[in-house]
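So, here come the structures, one by one.
There are two complexes below, and they share chain A, which is joined by chain B in the first and by chain C in the second.
Take a look at the complex of A and B:
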């Protein structure tokens, strides 16, 4: 078995994790003092694949200059991130399905 | 399973908070000319204060902490014939600025939509995960 299923699994895991953070950011778009959070996708994916860790580091990622109330969430940037994460997730699930279908076909021996 | 649907709950708190904000803005606009209130004096503009509601380290919802009154002074308009005019002929109108309220209204409805989009995207991701089983 190759590594692709494992990598796809990590991508899906990371996307879900990121989506949770983005959901919190969007919910708190008007909360005074709230700081926008994110993860470094590339770095975390590398760590997850190489070391197999499943705990990710959350970084503060201000998407805008702080408002008068200290909030750093920019709803447009956050929504773009949501779309990005969703597309990545969809691609991963699609690839995973294809991979599984291929394995299934191989097991069936082309019947 | 609890964690699995937590993002939906987080977005739901966002919907709820923005809805309360919309209600408050609606009250402000409705009372833009109310010179009398049960508490006495003109209507005072109200604002909602949001506070982060922590489910866990990453899932942080939002809650309405309290509804505060705007401390700005009422708008004085010279209208000696008005029944609520003071001895100098000034009427104290609410400190509501329609422009400000409209901008807050747009901001609140945009934030509401964003939370809704978030719910849909999470739902979509979830369904795609389930679809892997169909292969």
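Take a look at the complex of A and C:
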């Protein structure tokens, strides 16, 4: 189908995936020795759009000082990332629905 | 965003000048329609490019949404103009001679 629909789909895939990672980071906020994880959003999105891959590389997110128990989760940072991901996802859904409505209108001739 | 313009501004001529035009000088309805459709197609392409640029992180959210809405508005206008033209045609074809 339409190239822009494909791109938006990839953006949404990636947002869902990142959201899962962030959720598990928050869930493990008190786990000793747990390292916060993330994905390189821009890089992965570029790869997904160009090669059509749907497997993403997980990296250890760069952090400030770890806690005494070796845990590197910082709740505030994670919440910011969640908000960022949600914004991206919402934008993609809005664009996608506009795009689909445009196609439908073209099919129905606006009647 | 394209602002709503006076028709004489689009054609680059005043109403008085338009009245005095003769023959091939006249801006044909066909040409105006063709140009409008071409512009709509161009705006549509721009919206597609905007989405690609957005994916690469070159455009911000508001810019891509604006581009999309612009394309949507243009398409809706085009569809309505087409519907009006078809209605007019049907009305003429039903006319008793």
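One rule holds for everything that comes next: the second predicted complex is superposed on the first by the 108 of 111 C-alpha atoms of A that agree within 3 Å, B and C clash if a C-alpha of one lies under 4 Å from a C-alpha of the other, contacts with A are read in each partner's own complex, and residues count from 1 in each chain.
By definition in this document, a residue touches a chain if its C-beta (ideal position, glycine included) is under 8 Å from a C-beta of that chain, and two chains touch if they have at least 3 such contacts.
Just so you know, these numbers come straight off a predicted model, no measurement behind them.
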Task = Considering only the touch criterion stated at the top, classify A:28 as touching first (chain B), second (chain C), both, or neither.
result = first
Ask   = So, does A:80 touch the first partner chain B, the second partner chain C, both, or neither?
value = neither
Ask   = Counting only touches as set out at the top, which of chain B and chain C does A:46 meet: first, second, both, neither?
value = second
Query = After superposition on the shared chain, which partner residues are touched by A:104: those of chain B (first), chain C (second), both, or neither?
reply = first
Inquiry  = Which partner chains sit in contact with A:54 here, chain B, chain C, both or neither? Use first/second/both/neither.
reply    = neither
Task = Pick out the shared contact residues on chain A: the ones touching chain B in one complex and chain C in the other.
result = 101
Contact set on chain A toward chain B in their complex = 12, 15-17, 19-24, 26-32, 34, 37, 58, 75, 78-79, 82-83, 86, 89-90, 93, 96-97, 100-101, 104
Inquiry  = For a test of understanding, state which residues of chain A touch chain C in their complex under the given definition.
reply    = 2-4, 7-8, 10-11, 42, 45-46, 49, 87, 91, 94-95, 98-99, 101-102, 105-106, 109-111
Message = So in the complex, the part of chain C that touches chain A is made up of which residues?
response = 47-48, 51-52, 55-57, 61, 64-65, 68-69, 71-72, 75-76, 79-80, 82-83
Message = Touching residues of chain B toward chain A in the complex: what are they?
response = 6-7, 10-11, 13-14, 17-18, 21, 49-52, 57-62, 107-108, 110-111, 114-115, 117-118, 121-122, 124-125, 128-129, 131-132, 135
